[in-house]
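Have a look at these structures, which come just after this line.
Shared between the two complexes below is chain A, which pairs with chain B and chain C, respectively.
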Partner chain A sequence: MASFGRFLLRRTLQGALVVLGVITVLFVLRHVTPGSPVDFIAPLDANQETRRAIAEARGLNEPIYVQYVDYVLSLVQGEFGFAYRSSTAVRPRVFSKLPATLELAGAATIVAVVLSIPLGVLSATRRHEGPDYAATLFSLLGISTPNFWLGVMLVILFGVQFRIFPTSARPVGLIDAAGHLVTVSGGVGFPLDVAGFSDAFATWLRYITLPALTLGTYFTALITRLTRSGMLDQLGRSYVQAARAKGLPETRVRYHHVLRNTLIPIITVVGLQLGTLVGGAVITEQVFNWPGLGSLIIDAINARDWPLIQGSLVVVATGFVVVNIVVDALYARLNPQVMD
Partner chain B sequence: MSRETDRRTFLTLAGSVAGTAALAGCSDGGTEPNDSGDGGTSTDAEESLPEPETRDDYLQRANLLLNQDAPWIYLNRQYSVYGKSTDVEWEARRDERIDGDAIEPLGSKSTVTITQSGLGTGLDPHDHRETTTDNIVLQAYEGLLTRDREGRVTKQLASSYERIEPGVVEFGLRSGVSFHTGDSMTKEDVAFSINRMVQDDVGITSPQADQLPGVTGAEVVDGNSAVRVNSDGINPIVFASFATYCDIVNKSWITSNERAYINTNMNGTGPFMLDTYEQDVEVVFTSYDDYYGDAPAADSLVIKGAPESSTRVNQLLTGETDIAVNVPPQSVSEVRNSEDTEISAVPSTRVLYNGMMYDREPFDSVEFRQAMNHAVDMESIIENVLSSFGAAISQPTVEGFFGYNGDVDPYEYDVERAEQLVEESGYAGAEITLHTPVGRYLQDLEIAQAVVGFLDDLSNVSASVKQRDFGSLANDLVDGDITTGPDFYLIGWGNATFDASQTIIPTLTSDGSLTSYEDDRVDELVEQAQSMGSQN
Partner chain C sequence: MAPFDPRSLYEWLTDRVSPRTRRNLRSELDSSLLAKLGVGILIVVLVSAVFAPLIAPWNPTAQTLDDKQQPPLGFSRAETQVSQEMVDGEVQIVEETEYIDATVAHPLGTDALGQDMLSRVIYGARTSLLVGVLGTVLAMAIGVPIGLISGYYKGRVDDALMRIADVSLAFPSLVLAIALVGLFGQATVNVPDPFVTSGLSEFLRGLVSLPGGLSYPPGMPETFALPGTVILVVGIVNWVWFARVARGEALGVSEEEYVTASKALGGSNRYVIRRHILPNSVTPILVLATIQIAAIILLESSLSFLGFSGANLSWGFDIAAGREYQTTAWWIAAMPGLAIVITVIGVNLVGDWLRDALDPSIEGEGGGV
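Let's turn to the complex of A and B:
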C-alpha cells in the first residue's frame, strides 16, 4: 500500500513537471514568435506613444525573466492573468468554455462506443465474411476521412439541405438544461420543471448531434479495429475452448466472457482518448462554431493573446496529465507490477 | 458597359498626360536613382497648376500628386458584402458598421440576429479598436455626432456643434437623454468620456486615443449644457473624428466599477440595452424603453460570432441568422440563388494597396513605380478574384471622401508602356518580392498572387509573393525602424473619418507611422490642409 502511495506521489510530481514544461515551452515560444502582441491590440496607425502605453499597461516592457517568474508564480496561485485585448480575466473565460468542450468530447465518445463495439464484435465473430469486410471498410473510411470535410458535409446535407439539424452554435449547455431541475431559490425543489428540462435537453441534443458525429467518427473507426483484434485474440485463448467444451451457449461465451476481457484495454484507450478529445476538438469546434476551448484557442492564437493561449493550453495539458495519472493509478491497482 | 468604355477612353487620355508629366520629371531629375532619396517628381508635375486655396483644394492636389508619383500600386477599394434574409429590411453602410435600430424585421418577427466574424474583445466602448467590437458597442452606446448611411456627419447626443476659436470647438448637448441605469446624461459625463479616451491619467489608456487626433481634452461650459473640446492646433477634422469615435459613458458608473465589469456590462444611452452577454458566444440586446429617439423596429437584437465564413453563410441559408457579415465571393451566388436570402454590398472605406518603399531600389524610381501600376490589370482582378465586389482606385483617397480628386483616374493597364517605363527607370531585370498577409483582408493572398502574376509577365521584371504572418509584417512596418521593413508589401487601410488626411498622413507623409513615402511637396500640401478649418 505504501508503495502505491509513493507511486502516486511520483506520478503526480512527474505530472507537475510536465505541466511546468508545457508552461515553459509556451513561454519560450511566445518570445521567439515574430510579431508583438501590441500589433494586434493597437491599430496600424497607432503612434509610438500609444504603443508604449499599451505595452506598459500589460507588462510587456518588463525583462523576459521577470515576466516568466511572474507568470509561473501567478499560475501557482491559480491566477491566469488578464487577456491582452479585453482586459478580462483569463481563468473564468477558460473555465466557462470547459463544459462545452467536455460535452462534445463526452458525446463523441458515446457515439464512438455505441457504434464501434457492436461493429467490432460483429467483425470478429463473422471474420472474413461480408459483415467483417463491411465493418473494416467503414472503419477504414472513418480513419481516413478528415474531420473538417466530414463536418462540412454533414452541415450541408443535414443542416442546409434537409434542415434536420441546426448548422452551428450551442444555445444551451447541459448545465443550463439541468438548471431547470433546480428551483429559483436554489436547491432541488418540487415540482421539478421537467418540461423545461426536456425542452432544453432536446435543443442541446439537436445542436450537439452533428458535431458529436463528426468528432466521434474517427474515434469509432479506431475502437472498431481495437475491438475486432481484441476479440480475435481472446477467441483464440484456451479458456474459450474450455467454456465451449463445457457446453456454454455461444452467445454467453462471446458476450459474457470474451467481450468482457476485450473491454479492459478498450476502456483504457477510451479514457486516454477523452484527454485527446479535449484538446483535439479544435477543428470540429471551428466548423460547428461550438464555443469550446478549441474555438477559444484558435481565436486567441489569431489575436496573439498570449495570456489566453497559455491559460487554455495549460488547462488542456493539465487535464491530459490528470487523465494519464488516473489511468496509471487504476492500472497500478489492477496490476501492481507496473509500479516498478 | 458603356460607362466602362467611356472610362477606358478617358484612361488613355489620362495615361498619356501622366506619362508626359513623368517624362518631364525624368529629364529634370535624371534617370539615375537620386542621392537625396526623394523619389517624387511632384513639383514638376504640378508646375502648370495654380496654388490651391481651400483645404479641399490642398488635399485634392496632394491626391493628384500621389497618383502621379505612384508611391503605391493602387489596387482596390474593398466592398463590404453582407448576406441578408428577406425577413428583414436593411441597407448596408459604408463604414462597416451595422446599426441595429436601422434593421426592420418584417411580418410578425421581432428579433433580429446578426452573425459577424467574431464577438470582439469586450464591451468597454473605449477599450478596443476593432470593427467587431464596434458593432456590438454601438448598439448601446452613442457619440456626440454620428454618420448617416452615406457617411455624412449628423448630430446624435449633441444638439449643436461649432468652432469657437482655432483649436476649440463647442458641443451643445441634447436634453432628456438618460443612461440605461436611469441616470440623466450630464455635461460632466460627456467631458469625462472624451478625457477617458484622450488622456492617459483619466481611467484607462485607450487604444482609441489617436482616433481623436489632436484632441487634448474637454471641459464643461459654465451655465450652459455644453462641453468645450480643446485641440492641439486648428484640427480641421475634429467633427469628422467625433462622428466616428467617442462613445459617451456615465462617469459615476465607470468610476465606481472595475475594468473587467465595464468590459462585460453596458450602460449607454443608445436604443438597445444589454440583456445578456456570453463572451465569445452571443450578445443579446433588448430595446430601451426610455430612449429619447424613435424606438427601434426590433424588440430584441442578437449578435453572434462565427469566424468561419461558411458557418455564417450556412446560418443565413437556414434562417438561423438574418444578417451574415463578410460573405466571401465564392458564396455570393449561393446566397443569391436561395429564395430567402439576398446580397447587400456597399463600397467600404478601406483601400488595398501595395506599398513601395521610396528609398529602396528599384522603388526609388518614379518610372519604375508607375510601371508597376501600368502592369496590373486591376479590372480583371476585381472581376475574377473579387467577383466584381471592389473598385479600382486611382489615389489613396476613396470617392466620397473630403479631399477626393475626381479628375484622377486609375492607371491604364498597358504592358508595353510598363515595360518601357521599366527600361527608362534603369532597373530592367529587377527582382521584387511582394510581402502579403493571408486572410487579413478579403482575398488578400489571391489579389497579391494576381498582382505578382501581372508583374512577372513583364519581360524585364521578375516578381514573387512572400506570405507573411500579419503580426510580424505589421511589426516590421510600424516598429519605427525603416530598415527592417519589407520594401514591397500588400496592406489595407481603413479610414472611418471620411477625410483624405487620415489616409495620407499615416501612410504617405514623412512622419506617418506606416509610411513608405517621403516627398516635401506632399508634406507641405497636407500640412497646409491641416492648418485650415473645413466644413466637413
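Let's turn to the complex of A and C:
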C-alpha cells in the first residue's frame, strides 16, 4: 500500500499547487481590473490625506511582489483580510454562508444519486422498452434544461399555483435544527427536544425541496445517462457471460459485477462536474433567495469587494480541489491501475 | 467580392469529409429518429436566428402598454376584481370582471411592457446561437493547440500545461464567468442588421398580407447587440475541456507508427502536429464542440438571467424579467425557457448523432453550466 500513500501524497502536492495557482490568478485579476481599491474603501469626499492613510494601512503602497507574498502568506495562515465595504472580517462571513451552500449541494447530490442510478440500471437492463424510453427522454430533458428556469417554473407551479412548497428563503439551517438535540452546555441533554428537532427539520426539508430538485435535476440526468451507457457497455463483456454461465442470479450479476464496474467512470465524471454543482448552486441560490456563498459571491463582485471575492473563491476552489483528491483516492482504490 | 454560392460551400465542406464518414453520417441519420429531430430543431432555430427581422411578427422591443401581460393562445382568462365604490352617496361593493383574451396577434402572449413574446423568443435565438458558436470557436482556438502540444511533447510541458488546466477547472465556470464579466464590464457591440438597414425586411414584410385584415407591423431594430465580453469570457472559461480532449487524442496518436515514420523522415514537430496529430484528433473535438455549444448556450442564459450579460434580447434576460410576474403572468418566464430547452435538446441530439456516426467509443465528458 506504499504506492497508494505515495499516490495520495503526490495528488495532495499537486492540489496545493493548484490552490496556489488559484490564489495567483485572483491576485493578478485584482491588479488588472480597473479601479484602485482605495476608491472602494474611502468615502467619496475623502481628501488626499485620508486616501494615503488608507493605502498605507492596507499595504497598497508596497511593491507588487511584496503585496503578492504578503497576500499568499496571510491566506495560507487562514487570514482572509477585511471587506472593503463594511470593513468586517472576510473569513467569518464566508464560513457563515458555507453551511447553506453545503446543505443545498448535499441535498442535490442525494437527489441525484438516489434517482439516477436505479433509473440508469433500469434503462440499461430493459433496453428498447418503455422504461428505457422514459428514462432516456427524462435525461435528455434534464441535461437540456437551464436549472434557474426549472427553479422559476417549480416556484410558479408548486409555490404559487398549488402552494405546496414555500417559494424562497431558508428560515432554519440543519445545524439550527440539530441544536434542539443539544443543551446549552453543549452536551446531549435529557429529555431530548425531539419534537423541536423534528419540527425544525420538517421546516428545513420543506424549504430545501424545490432548490434541491432544481439543482439536482441536471446531475440526475447526467448520471442516468452515464449509468445507462456504462451498464450497456459492461453487459456486453465476456465476464458477464462467464458470471451468468456460472449460474449466478441475474440480480447479483447486475448489481455486484456490472454496476460496480460502471461506477468507476461515473465517479470520475462526477468529480469533474463538481464545479458545475457549485456554479449551479450559485444560480439556484439566486432563484430561491437561499442565503449561501452564491449570493455572497455575486454581491461581492457587484461591489468589487476584492477581499470578499478572493476569500469566497479561494474557499470554493480549495473545496473543489480537496473533493477531487478524495475522488481520485476512491478511484485509485477501485482501479489500482491508475496509480502510475 | 465574388458572388456567394452556397453550393460551393457545401462542396468545400463535403470534400473535407471522407466518403466513409459521409456514409456513416447518412446511415445514422436515416436510422435514428432522434437525430432527424435534432437536425430539424437546429434548422428551425438557425433560420429564426438568421432571418429574425423577416420572421418576427412584431418589433421585439416595441412597447404597447395597452396590450401588456396578454396570455398566450389557449390561456384566456377572466379576472374578477372586487372594489368598493361610492354610488349615490352609498358605499357599494362592486364586482368587475376583466376579460384578458389571448389574441392571434400575440400567440405566445406579451410581457409586462406589452412586448410580443414570440418576437422576443425569435430574436433571442440570435444571442444564444451567436454566443454559443463564437464562444465555442474561441474555446476551441485556445484549448486545442494547448492540448495538442501537451499531449505531443509530454513530460514537463505536459505537466505544466495540465496544472494550468487544473487551476482553470478549480473555478466553477459560471462563477468565473460572473467574476470576469462583472469585473471587466459588459461591453456590447451594436452590429447593424443587414436585413433592416438594406430595407429588405421592410420590403418583404410589406408584401405579406395577413388573414383577417391584419397588417404586418413595420419597423424592426436596426442594430443587434452582440454581447462581446460574454463571448470572450465563455470562450476563456471553457477552453480547458478542449485542451483535455485534444491532449488525450494527441497522447494516443503520437504513439502511432505513421507519426514515428514522419519524424524519422525529418518532419518537424510543428509539421507532424499539423499534418498528423490534428487531423487524427478531429472527431472527438468536433463531438465535444457540439456538447460545448449546448453548455455555452446554457451558460449565456445563466449570465443573462443574473444580469451579467448586457444583451437585452436574450432568453435568460427575459426569464429574469418574467420572474417579477411569476404570480400573474407565468408565460413571460416560461416561453423563453422553453426556447432554451428545445434549442439545447436540438444541439444535444445533433451531438449524439455525430458521436454515434463518427466514433461510438467517445463518451461525453465536458459540459454543464
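Criterion: the second predicted complex is superposed on the first by the 270 of 340 C-alpha atoms of A that agree within 3 Å, B and C clash if a C-alpha of one lies under 4 Å from a C-alpha of the other, contacts with A are read in each partner's own complex, and residues count from 1 in each chain.
Rule of thumb we're sticking to: a residue touches a chain if its C-beta (ideal position, glycine included) is under 8 Å from a C-beta of that chain, and two chains touch if they have at least 3 such contacts.
Given the structure is predicted, the values throughout are model-derived calculations rather than measurements.
Participant: Looking at the overlay, what does A:Asn47 touch: chain B (first), chain C (second), both, or neither?
Facilitator: A:Asn47 contacts chain B only, not chain C.
Participant: Pick one for A:Val155: touches chain B only (first), chain C only (second), both, or neither.
Facilitator: Once the two structures are laid over each other on A, A:Val155 reaches both partners.
Participant: Contact-wise, after the overlay, does A:Gly5 reach chain B, chain C, both or neither (first, second, both, neither)?
Facilitator: It touches nothing on chain B or chain C.
Participant: Touch test for A:Leu140: chain B only (first), chain C only (second), both, or neither?
Facilitator: second
Participant: With the two complexes superposed on chain A, say which partner A:Pro265 touches: chain B (first), chain C (second), both, or neither.
Facilitator: second
Participant: Using the touch definition from the top, say if A:Ser295 reaches chain B (first), chain C (second), both or neither.
Facilitator: In the superposition, A:Ser295 contacts chain B only.
Participant: Check whether A:Arg304 is in contact with chain B, with chain C, with both or with neither, and answer first, second, both or neither.
Facilitator: After superposing on A, A:Arg304 lies in contact with both chain B and chain C.
Participant: Should A:Ser229 be classified as contacting the first partner (chain B), the second (chain C), both, or neither?
Facilitator: Only chain C is touched by A:Ser229; chain B is not.
Participant: For A:Val278, using the defined touch cut-off, is the partner it touches chain B, chain C, both, or neither? Pick first, second, both or neither.
Facilitator: After superposition on chain A, A:Val278 lies in contact with chain C alone.
Participant: Take the contacts of chain A with chain B and those with chain C, and give the residues found in both.
Facilitator: 34, 152, 155-156, 160, 286-287, 298, 302, 304
Participant: For the complex, give me every residue of chain B touching chain A.
Facilitator: Checking each residue of chain B against chain A gives 118, 120-122, 124, 127-129, 200, 204-205, 207, 209-210, 259-260, 263-264, 278-281, 304, 306-308, 310-311, 314-315, 317-318, 320, 469-475, 477-478, 480, 491, 493, 506-507, 512-514.
Participant: Quick check: in the complex, which residue numbers of chain C touch chain A?
Facilitator: 163-164, 166-167, 169-175, 178-180, 182-185, 294, 298, 301-302, 305-306, 316, 319, 322-323, 326-327, 330, 333-334, 337, 340-341, 344-345, 348-349, 363-365, 367-369
Participant: List the residues on chain A that touch chain C in their complex, please.
Facilitator: Spelled out, the residues of chain A in touch with chain C are 14, 17-19, 21-22, 25, 29, 33-34, 140-141, 143-149, 152-153, 155-156, 160, 218, 222, 225-226, 229, 265, 269, 272-273, 275-280, 282-283, 286-287, 297-298, 301-302, 304, 309, 313, 316-317, 320-321.
Participant: Quick one: in the complex, what on chain A touches chain B?
Facilitator: 34-36, 39-48, 50-51, 53-54, 56-57, 82-83, 85-89, 93, 96-97, 152, 155-156, 159-160, 163, 166-170, 286-289, 291, 295-296, 298-299, 302, 304
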